[in-house]
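Okay, so here's the structure we're looking at.
Naming follows writing order (A, B, C, D, E and F), and every chain is counted from residue 1.
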Amino acid sequence: MNEKEGSARLPALFVGRFQPFHNGHLFMVRKILEDLDRVIIGIGSAQHSHTPRNPYTSSERQSMIERALEGENIRSYEIVLIEDVGEHSLWVPYVESLVPRFGVIFSNDPLTVRLFREKGYEVRELPLERREEYSGTELRRRMSSGEDWEHLVPDAVADYISELYGIERIVGVS
Amino acid sequence: MNEKEGSARLPALFVGRFQPFHNGHLFMVRKILEDLDRVIIGIGSAQHSHTPRNPYTSSERQSMIERALEGENIRSYEIVLIEDVGEHSLWVPYVESLVPRFGVIFSNDPLTVRLFREKGYEVRELPLERREEYSGTELRRRMSSGEDWEHLVPDAVADYISELYGIERIVGVS
Amino acid sequence: MNEKEGSARLPALFVGRFQPFHNGHLFMVRKILEDLDRVIIGIGSAQHSHTPRNPYTSSERQSMIERALEGENIRSYEIVLIEDVGEHSLWVPYVESLVPRFGVIFSNDPLTVRLFREKGYEVRELPLERREEYSGTELRRRMSSGEDWEHLVPDAVADYISELYGIERIVGVS
Amino acid sequence: MNEKEGSARLPALFVGRFQPFHNGHLFMVRKILEDLDRVIIGIGSAQHSHTPRNPYTSSERQSMIERALEGENIRSYEIVLIEDVGEHSLWVPYVESLVPRFGVIFSNDPLTVRLFREKGYEVRELPLERREEYSGTELRRRMSSGEDWEHLVPDAVADYISELYGIERIVGVS
Amino acid sequence: MNEKEGSARLPALFVGRFQPFHNGHLFMVRKILEDLDRVIIGIGSAQHSHTPRNPYTSSERQSMIERALEGENIRSYEIVLIEDVGEHSLWVPYVESLVPRFGVIFSNDPLTVRLFREKGYEVRELPLERREEYSGTELRRRMSSGEDWEHLVPDAVADYISELYGIERIVGVS
Amino acid sequence: MNEKEGSARLPALFVGRFQPFHNGHLFMVRKILEDLDRVIIGIGSAQHSHTPRNPYTSSERQSMIERALEGENIRSYEIVLIEDVGEHSLWVPYVESLVPRFGVIFSNDPLTVRLFREKGYEVRELPLERREEYSGTELRRRMSSGEDWEHLVPDAVADYISELYGIERIVGVS
């Protein structure tokens, strides 16, 4: 077995904040699993919650992902919580200390993309035309202003947010 | 004695940042003490100071409160310093670890209100019409722009801020 | 469905430091899975490594567990990394924030047992006669003094430690 | 009024860990109040609990002190929680930021004594012959080994520890 | 030798973020060394990097300064990294713990100026007319919008940023 | 110029705690400068002081080193303060973020040696026979028990410790 084959078998690492997990994230998980056997989903900014930009706790986000992927019969994933650290220059070594072995990185966050690239990782982003369609910022804006948003997330996530009174979380804090 | 009576005797916890302590805060302390024997005043964001939003240190804020309440002959209170913690989801357990026993919570900060309610606490807010009248944000805006502000705080607080050259604190940092 | 049935379905949480994962831990995982469908394995003191008491990093410990359980065809588990927090009184709320839902706790660490019991959780310990047989302290003593230790851990763990030059990790630091 | 008179009126700061509050601490509070109107009781290592050396949480220690002093009709005190900070060289500035104004320091902890003296404070220690009689270390040793200890603490503290199952806290963790 | 002479010989402390080191900083170093033998350059917000306001790591900033001053044949300086601490009221004691002995402070950051003045230090700012000419904010705005900026920094810094692909650092993260 | 020549020109990094700086450290600095043009002296555990194992603050240790090396006419060095970080597995990346470029590491601390070697660095230790002669532990034991110690440190360090009443620092805390 040559090196490239070995490397191809390492799981991908998909890093996002998932505030909340939406159809763009689901699209990306499916796309990753077309090429690779397994994906590690890294929930970033894990320690943050109850703010307009980070409304849900890491365990709420974990539940959303588990329910959404169960609804899709996707099982070849695992979830890792990744906190922000004080120093950006230490964040990649910190991720490396949390996640044993991973190959390519997937992320749409410019800072995540840059930090991994500076350390020599291969990083792939969502195609640009999809980024506008699937934006967490736009989704949270809709949630907080009372517009339709349920069609932008998996049904299981919409139900979960409703159980949690999760809209109030965004409205009440801003 | 039944449970409810017992609970009625627990002191209230009044949480604010008190940047600075103003007439709205004093109004609230008086109102709480109409119903309850004792109030614990929790100074939030205790570790912050020297920023436009948090100009005064926790010990300066403590002095303001002590002087203002002494001027009103109010003695049935105690002061607890409450720092922000990194994770909002741990803030209520952290407050519980600092303050032995308390009953109802009073606060006007939307995040404080939400976090305590999610943990099942009874939380009361200042009546809405008062909130506009008594706003720390408006007060600091007036202080930094040179408008009248002294009539919005107890005399003892106005004197204390003047001793401290406390206006410069707000102007100089912004 | 009554409440107790619902509760019986929640996964167990098995908390240890796994420095390293040994036969006693494997015995416990098997025993938990006799009664319950699923176990969450919480790797405690996750941030510590390279000390005599905590020689391996959290990702090394995660690899050990994955290899050992793969060798036993055990798949109904997931792994969560749990850091020590500065304040013991906040550790249980912190764990609750990391792990969405769990039922009974399994642990042999006296402090973990006490902290969860004080919060009202049901906690089960390894039977006493097993505790002497399976002790991480004794295992690390053997590893550092050059005595036999390989028969006390799953084969996959012994191999992994050998790959890692993991004995030197214990010897070199003490 | 000259400077010395002004300084004599500042409250004393009495710093200890109070694990638990014992008769030596009570003796010291009484002695301080013979000379001064008011004492600030600083509970040190406030963030620690559930260890053999620091069994009780800061709020449990606060309750012990309040009950003990209420039993003695002592009211001219206030309690401040003081956490350890990472850097000893910053601890005195940290205490100064928590406690608005204080004069002389009382403490029996050698590190506390040294750190305040290096910053130019007047620090007084318990007379040596009393230190042997009243030792937290000896008290905790007795509590953990099943010897008599109740006569070394105020009755209210003995009752409180008994309510709390506080002996188990020391035994179970060691 | 009298006290004042002794004090005149203490090195100055020049505090800035140096994001990046520009001609205004160089002007100030030269000006300080007209009066004093030696300057300690304190790199503030040392732990931050990879943000629009703090694009470069502390070690990158250190390299910029060393190269720029080498190009000017300036050798009577040393560099100290100064992190932000959580509490502004502890920042000056923290700096004092990092830097053994210094006399006058030079800085253009309003918060730094205020914090040192409140502790009784003599602090000097850049002349106002120079502040507009030499502004890090303006410089970063030019760098991110593709305007000319190279003439505002020493040549050695422009070269270093080019080697580092340092413009992308600012553009990519905003 | 080939790679090896380039690498030979990078300064060495000499990591120690220097509690206090003794003749063994001086021997090592001289030895390093026989082969290399420049040495970066990294003061480890920089945030610790006032404990038996770490009696002196980082700025006191920095002063000791500066005075000792001035007495030897050694000028081709610089000093960097290196704090312990919570996670040993992140310590090397942290050092890399503090110190721009360095080649070989010199240290006698087993943990430092191991952590750098695991990251692929070349690390050199003091010859074994010298380690017994020059031991910080032995030196501090002598200082605390009133035995002779002055001949084990440079004269400038003995003088500095005497000015500082530095022996009391070790005796008073233990």
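Things to note:
The definition used in the following text is that a contact is a pair of C-beta atoms (placed from the backbone, for glycine too) under 8 Å apart; a residue touches a chain by one contact, two chains touch by 3 or more.
Quantities reported herein were computed from a predicted structural model and do not represent experimental measurements.
The interface holding more C-beta pairs in contact, when B-E is weighed against B-C, is B-E.
Put simply, the C-alpha centre of subunit C and that of subunit E have 48 angstrom between them. Note on chain placement: the centre of subunit C and the centre of subunit F lie 38 Å apart, centres being C-alpha means. Touching two or more other chains at once are residues 57, 87, 89, 97 of subunit F.
With chains as nodes and touching pairs as edges, the resulting graph is of another kind, matching none of line, ring, star or complete.
Subunit B makes touch with subunit C in their complex at residues 87, 89-90, 93-94, 97.
Interface residues of subunit A, counted against subunit E in their complex, comprise 86-89, 110-111, 113-115.
Those residues of subunit C lying in contact with subunit A across their complex are 57-60, 62-63, 78-81, 96-100. Residue ranges of subunit B in contact with subunit E, taken from their complex: 47-51, 57, 168-169, 172-173.
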